[in-house]
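For reference, the structure discussed in these notes is given below.
Letters A, B, C, D and E mark the chains as written, and numbering starts fresh at 1 in each.
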Amino acid sequence: MPLLSILIFGPLLVAAILAFIPRHDVGLQKAVALGGAVALFLISLLLFTGYSGAGYLFTENHAWISTSVFTSRYKVGVDGISLFLVILTTLLTPISLMASWSSIKTRVREYLIFMLVLETGVIGVFAARDMFLFYAFWEFQLIPMYFLIGIWGGANRIYATLKFFLYTLVGSLLMLVAILWLWNTAGRTFDIDTLIKNAGTPIQVQTWLFLAFALAFAIKVPLFPLHTWLPDAHTEAPTAGSVMLAGVLLKMGTYGFLRFCFPLFPEASRAFAPLFMTLAVIGIIYGAIVAAVQPDMKKLVAYSSVSHLGFVMLGLFAFNAQAWQGAVMQMVNHGISTGALFLLVGVLYDQRHTRLIREYGGVASITPLFNVVFLTAVLSSAGLPALNGFVGEFNILLGAFQASPGLTIAATTGVILAAVYLLWMFQRVMHGNVTHEENRKLKDLTHWQMAYLAPLLFLMVWLGVHPNTILSRTQGAVMATLESSRVPGSTGSQPALQPQAVSFEGGPAR
Amino acid sequence: MSAQAVLFTIFAALAVVSGVLVIRLPNPIHSALALIGNLVSIAVLYYTLNAPFLMAVQLIVYAGAIVVLFLFVVMLLSSRGEVHARKHLMWLAPAAWIGALLTFLGAFAMIAMDGGRVARPSDAVVVGDPASIGVLLFGKYLLPFEATSILLLAALVGAMYLGRRGESGEVEDYGGAEEANDG
Amino acid sequence: MGDMVVPLSRCLLVSALLFSIGVVGVITRRNTLVIYMSVELMLNAVNLSLVAFSRHLHQLDGQVMALFVMTVAAAEVSVGLGLIVAIFRNREHTVDVDSMNVMKW
Amino acid sequence: MSLLPKLIPLFPLLGFILCGTVGKRLSRAAVGALATLSVAISFVCALLLLRGFLMVPGEGRIIETTLWQWMPLYAPGQAVKGLDVALLVDPLSLTLTLIITGVGALIHFYAMGYMAHDARYSRFFSLLNLFVFFMLLLVLGNSFPMMFVGWEGVGLCSYMLIGFWFEDMANAAAGTKAFIVNRVGDFGFLAAMLWMFSITGSLRFADVFANASMFTASALVGVTLLLFLGATGKSAQIPLYVWLPDAMAGPTPVSALIHAATMVTAGVYMVARCHVLFSAAPTTQAVVSVIGVLTAFFAATIAMVQFDMKKVLAYSTVSQLGYMFVGVGTGAYAAGVFHLFTHAFFKACLFLGAGAVMHGLANNIDLRYMGNLKKYMPATRWTYLAAVLAIAGIPPLAGFFSKDDILAAAFDRGHAQPLWLFVYALGLATAFLTALYMTRSYLMAFEGEERIDWAALKAAAAHGHGHGSDGDAASREPVRGEVSADDKAHLIHELPGMSAVLVILAFFSATAGFVFGISALKPEWLPNLSFEKWLEPALASWWTHGSAVAAATEAIPAHASNHVALAAISAVVALLGIASAVALEKARKLDTSGVPQPLYNALFNKYRVDELYGAIFQTGGKALGAWLWQVFDARVVDGFVNGVGAAAKASGSALRRWSTGYVRSYAFSILAGVIIIIGYLLFYHPVIPPVAAALGRGAF
Amino acid sequence: MSNPVVSGWTPANIDVNWLLATPITILVLAGLVAMMVDAFSKKKAYVAGVALAGIAASMFACFRLWDTPAALAMSFGLKGDAATSQLTADNYALLLSLIILAAGALTVIMSLDYLKGQRLMRGEYFILLLFAMSAMILMVQATELITIFLALEAFSVSLYVLSAFARKRKRSAEAGLKYLLLGAFSSAFLLYGIALIYGTLGTTNLLEINRALASASTVGGDLSRYLLPAGIGMLLVGLGFKVAAVPFHLWTPDVYEGAPTPITAFMSVATKAAAFGVMGRVLLFAFPSARPEWEPIVVAMAIATMVVGNVVAITQNNVKRLLAYSSIAHAGYLLIAIVANDSVSLLYYLMGYAVMNIGAFAVVAHLAHDGREFSDISDFRGLAHRNPLVAVAMTIFMFSLAGIPFSIGFNAKFVLFLNAVGREYTGLVILAVLASAVSAFYYLRVVVAMWMREHDGQTAQAPARMAPGIGAVVTLCAILALLGGVVMNPLVGLASHANPSQAPGVAELPGSVARR
């Protein structure tokens, strides 16, 4: 069964069905969209259960564009790394739809369509195995997000959405030139595997190509100092938009580094590693400090993303299995935790129509369940051990320390700062006396809200105590990527991967 | 210097002078008259360049028809001429002169370098008599000749449409209703 | 004929000079009709070149081309005059080209 | 035997889950019983383990049991191996487990009475159970990351329990402060783990300690100092002690369990657990000892002038923790852990006593509004007195043995390294202060003049019991009289359950010392239950077989001094302290009126360290954040981004002027293009000479 | 006959195959029939019907002529010497003709509704359109400079009138006049260029020019050092004017804004196709050997065009004017294809551009009603509310023009840039992508207005119902724009099959004619 094609085109199909449902029948539209999204999520679980070993699975390879100018094939597949990003996308889409069930009141049908189209675009990015296909999806997913922010966003939405779109586009277009150059020099093909095999470009050229790719990805991540679009976009986006933006769209950047920059330009990647690690660490600390003083909860979470993604970048440029495993893990974790945080802020916003921290206070005494869920999400985001956030950060730090102890120690202070800004926010929002009478009318989480928060909560705990659910499946892909990103001629000091030596059943007692 | 050359020099000078008059005389009727002078001078130059038939056509078509058309319209419109002189366009005239001078100097240099070297004597004289031109026109240049038919047809239809009086129902917006809404 | 013939370069020079004059006329004059006349100057200048080249190359092709150019000039002028008449009729009665600047920037 | 370790943390976890999910639907008694029982069962399991251990020789007293693989580790140059969720039981961890579950069960039981009227009863017990669970993970973890899970987990529970009454922002702020300050320490722990992993390629205790010889000397110092930074956070040592006094904002059972008996001692446990590394790093040992003794001394001085009963106890805890660090820093790990052990009893007893007082006085905690409570709360009074004497170090109570052991170890080491003589001296001075301020708190609360605010009590009784903040008590004016003795007895009463817990704890406070204490000081007729011997396999022999570190450890000279003499000195000092307090009471100067004002201010305001930190980190951090956000981010970074857009727009606005609307200028533009093209064609080649030459040839 | 200069060009010697000119002649005939119908019928839709029929027949002729063997695809030359022919029906010309015809057909269809709304229904409109198309096709089929010049003048004259077709409307008349004045001015330069080329090479036949330059025998004596490059330069001025290349672009915004919207659509697509087709033929076929002379000029024009077009478009508030600057920008990209010697991308891009640009202008035409045009960006506000399908279509066009994937605009750009990079013009491509990043901004402004802003209610709103003709055009273009984004093979295949270098006796040789 062409699972990936179903996942890529399924949302489009659902969107097409939506287009034919009468405009006034909002309930049916929502039901169809959610039903479709849930079904797609369940289908994506088949990827999870069916995945084993390393390498690309569920590969589909069909002729697509075959012209005298160039050839591009519809080639998709997932390895351990993209597998979880795809599943994260299919998971967050229905959750986002549920979260915006009642908060989106205008142009519901268009909204649902754009959400589904976004899902298509993002899954396409993660599944593409052909450079042309990848790039097409990469830019294409800007469109639905652009509308989601621009139509259903806050007061300053148009500035934010244009900034988001143009900022990302500028970076992408330079990557486009690099892709074209690569095509020209590496065998006139867009097949990614072949490109990686052929990409023996001299280091001077590699540097430029790497920078072009890296710019696109770094903007998407976003890496300091290319981050300023993110707070604006998040602040203005509707809740579901923020969830998708933080949950999966940012991962496209880090995924790009891992999937393209490193294997294609191993020397240049390594040559720039100190720079990128430094920027990542600056981002970690800078994002955290700036987050601490935000008066707006969403902006705070947005800046926290800068900080968290800084960890991922730090791990990626450490070039070892430990850090990469952590980085992949952290990508998923950030989607879960930050997604949950945005959802929870959305719960408050839907009732009070403000996200300013000072408008709240003492909420915990009114909404005990919300309190628990919010605290869990905050702690997950702050990297509390036994929750998911820790595993990623810990692995990243373990790996990064081997590459650069000093920077890693500096990055570790981000752990302190995360507690500072998150708990301080939590304290001001949830604790104390109720200072605004309006807040007394706040409702606790409904069953509906719990229904979409529960999976995230479960994952926070489950991935915290049993991260091997992910790590054992990403290991093969990480090792393979590491192998293909190896600088030829250098003997890597990587652990020798002996498949039979790895036991995920738990080692024996000593 | 041959008579031809003398003739050329005189009428070339005349053409230039009348050309300058065309663009300098304030009254368009005077300009039109100067244009006649210019066209006639050029016709003479054609003659000196072995193109008698062209000279005739020049005199008949240009001086005879086109300029007359010009005169008709000038008189028909009895225009107030160039009334509003825009201050912010004052730079244009000197710029145009300088620009044209530069162009001419460039052309001068090019012609001097290229053309100056090839003043090769020529013994075979080819004269543009009507017969030869006719043969070319309906032989080698049949296609462009046909092309002119499209051109003329289009010009005919277009000029007729434009010149026709307006019909009722056509929306007019003269009268300042429409303001420039860009800016 | 030897040096009895007018040199090609001299013809070209006159042509260039006339062309330049036409250019100046188009740019400096505000009266649409005079601008048309200046365009005629330019076209005639090119015709002069064509004829000169034609003589130089011992061909008549250049002269035929000049003939075509005259047709073009006639067509352009007829449409142009039609247009100016139409505008003059409908508009505040002027042929000043500078007054046509509703659209800009 | 490998099942029991797994069961120990399981029950509190189950208790947490049950209380947290269905707790609201159960009766209060059921919730309390569930929570208490879950810890008690764990205690029973621990006792069974103890029994098992006692039946095997010392070398066999170790169990490492794996639950599942947590995450794979990819150490450079080694095969992939797993970091497991696994438990390690040895005498050291078992001791802590017994304390945690034993004292924990008692405090749970006590809390059933103390919290009986609280609105969030089930939440309280679920959190308390969660705390026990994490604390057990902390001590039972077989690797640094496992320990770290517990380490941060207890911090989380501490955070939530300090801010349990979060309606008062001060409580919530105290909780946040505790968590954040602890995180600073955790940073050290985390960094140390990274470093250790990069050296040994593993984080399992057994692997790290076995490979301790792979560390360079500086790495050893660095790692241990970072670990100790973690310890200072969790155990409230200089410079990270500031959170603990504020942490008293939580309910008193929390203060007793978390902030006195168990969690705060985690740092001591960790140093003891890592003794292999610490012993091999004398520099760190010196740092640990000096920090410990300085903390002990300064906390004691602050405790001298506090009026908040729980604050006195809090600083006392800080001070006692300082002692423990002196112990483990000196290398006398058993002594440090032993003090931890005894301290758990008497400090829990003291806190619960204070809790009983609060419960009786409608949450008043200000010593100035107490006095003569012995009349109303006899059980509390006697147990409190016993604990005070124990902490003061009066023989033969528990504190005497444990404290003396530490001081003796320091003195011993002072022979070789004079620094420890200073440690010893300051420790002795602290012992005096400890006796003084603890006696002071006892005297002000239970003896002397009755200064109770009856009116407030009556008002509170009318409102029913409720636990709000403690802070507003200080603002009340004392009102005397108008309340009959009957009423008084009715207003102030003790709950039998709570008193029972106090009695049990007081009993252990009194006896634990001479039962388990150092054999040298013990009478011959007592059974040989030496704590040191019990811990010996865990603290000395196992991890270091044949390694260079072992040699370094053994290089420290063994005990040489006369312990009896040292013990006598300690006892005399403690008695002097008590005597001083009594003398002050007689002089009616316990309210600190005798202390010079500047000194008083400095002490009462805790040397203004909080304010200093506030200025640096809070105010400075906020200012930095605001600057980074509003100036740097908005103007510089974003300014550049927007500047690019603005530049494009500006150039667009400029270039659109090109299109003037005047057709003649358009024509000129075309001419300009022509000029450029002609100019270009002529540009690259010399023009003037060829033109001149052409003219010379008669071009025209 | 005795005259030696006529050498060989006797009627008997000339190979005239009128069949190759059927696409042109059909249109001219249709124009004549339309004139008759116009004269005798009140119902102007019949004229449009004739026009459509003519276009359809002409398209059919194009298809029939498709893939004519090279030897047979040449006409109006000396028998036995294909290189002297003046008319060709190679696939290159036919594909361009088809683009022009398709643009014309769509224009006619949308004009019916538009003219009705503007009360401008006149037969001359369609007649002139037919003549313009025939002249354009003649221009792309011609391989002789004088014919090209005449054809160019012919369609220009038609367009002058069409631009001013709403002659009582100030802007329309002004557009016509400006176009005419500048068109005449610039074609004088073009003519000068032709004269210089003729003078230096002795021929105006593109194939002969190629042959002459390739064999490096200087036909015109020693004249070609400066005057030939100058001639090419002047030629570029004239063609640059037609394709709206900077600095000859200034007429574009004014004329596009003032002309009736369907005419703007037609001009932006068909004129561009014809002019670029000729530019490609002239530069890439006649003057490949003179590349060192013209390449820097074209490169400079490309750079300036991309930058100016995109940057100025940012500041525009009128959609027609905005699209005018956008068409300038697109001309810049197309110039890259010229520089890169890439007829495939040129043709493919023109096809894509035709689809999305006509669609966009059709939407603008839809907004016009009650005798006025509403083409301000503010007039687009809230369109997604009032008329979601139109808004969706316009959004597709805007994203396609901006070059966002899964649209024909992206694919066209991709192919163009790919070939340019493949031929080592990476610097130009970098500039082009940066420029197109800028372009996204102004296309998005339209999208923002439609989707994210509410109509202020001050100006009249567009009719909710779509007129059938415009609706059909919009729908067709939108579908094609999307479909072309996913399916590339047919159109790129067509474009690659339309490589004109199949003409016999024409070889592309390296090196320059002059100087070096």
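To be clear about the criterion, contacts are C-beta pairs under 8 Å (C-beta built on N, C-alpha and C of every residue); 3 or more make two chains touch, one makes a residue touch a chain.
Since the structure is predicted, the reported quantities are computational estimates derived from the model, not experimental observations.
Undergrad: So, comparing C-alpha centroids, which chain is the farthest one from subunit B?
TA: Most distant chain from subunit B: D.
Undergrad: With respect to inter-chain C-beta contacts, which pair, B-D or A-E, contains the greater number?
TA: Spelling it out, more C-beta pairs touch across A-E than across the other pair.
Undergrad: Taking each chain's centre as the mean of its C-alpha atoms, which one lies nearest the mean of all protein C-alpha atoms here?
TA: Measuring from the global C-alpha mean, the nearest chain centre belongs to A.
Undergrad: If you average the CA atoms of subunit A and of subunit C, how many Å lie between those two points?
TA: Roughly 66 Å, centre to centre.
Undergrad: Take the average of all CA coordinates in subunit C, do the same for subunit D, and state the distance between these two points in whole angstrom.
TA: Going by mean C-alpha positions, subunit C sits 95 Å from subunit D.
Undergrad: State, to the nearest whole Å, the distance from the C-alpha centre of subunit B to the C-alpha centre of subunit C.
TA: Roughly 3 Å, centre to centre.
Undergrad: How big is the gap, in whole Å, between where the Cα atoms of subunit A centre and where those of subunit D centre?
TA: Once rounded, the distance between the two centres reads 35 Å.
Undergrad: Quick check on subunit A: which residues sit in contact with 2+ other chains?
TA: Residue numbers touching two or more other chains: 166.
Undergrad: At which residue positions does subunit C touch at least two other chains?
TA: 7, 9-10, 12-13, 19, 22-23, 26-30, 36, 52, 56, 58-61, 68, 71-72, 75-76, 79, 82-84, 86, 90-91, 97-98, 100-105
Undergrad: So which bits of subunit D are touching at least two other chains?
TA: Counting only residues that touch two or more other chains, subunit D contributes 645, 656, 659-665, 667-668, 671-672, 674, 678, 681-682, 699-700.
Undergrad: Which chains are in touch, pair by pair?
TA: Result for touching pairs of chains: A-D, A-E, B-C, B-D, B-E, C-D, C-E, D-E.
Undergrad: Quick one: in the complex, what on subunit D touches subunit E?
TA: Residues 645, 648-649, 651-653, 655-656, 658-659, 661, 663, 665-667, 669-670, 672-674, 676-678, 680-682, 685 of subunit D touch subunit E in their complex.
Undergrad: Report the residues of subunit D in contact with subunit C in the complex, numbered from low to high.
TA: Touching subunit C: residues 656-657, 659-664, 667-668, 671, 699-700 of subunit D.
Undergrad: For the complex, give me every residue of subunit B touching subunit D.
TA: Against subunit D, subunit B makes touches at 86, 88-89, 92, 95-96, 99-100, 102-103, 106-113, 115-117, 119.
Undergrad: Taking the touch rule as given, give the residues of subunit E at its contact with subunit C in the complex, in rising order.
TA: On the subunit E side, the touching residues are 3-6, 146, 149-150, 153, 157, 160-161, 164, 167-168, 170-171, 173-178, 180-181, 184-185, 187-188, 191-192, 194-196, 198-199, 202-204, 220, 253-254, 257-258, 315, 321.
Undergrad: Where on subunit B is subunit C touching in the complex?
TA: Touching subunit C from subunit B are residues 1-2, 4-5, 8, 12, 15-16, 19-20, 22-23, 28, 31-32, 35, 38-39, 42, 45-46, 48-51, 53-54, 57-58, 61-62, 65-66, 69-70, 73-74, 76-77, 79-86, 89, 92-93, 95-97, 99-101, 103-104, 107-108, 111-112, 115-116, 118-119, 121-126, 128, 132-133, 136-137, 140-141, 144-145, 148, 151-152, 154-156, 158-163, 165-166, 172, 174, 178, 180, 182-183.
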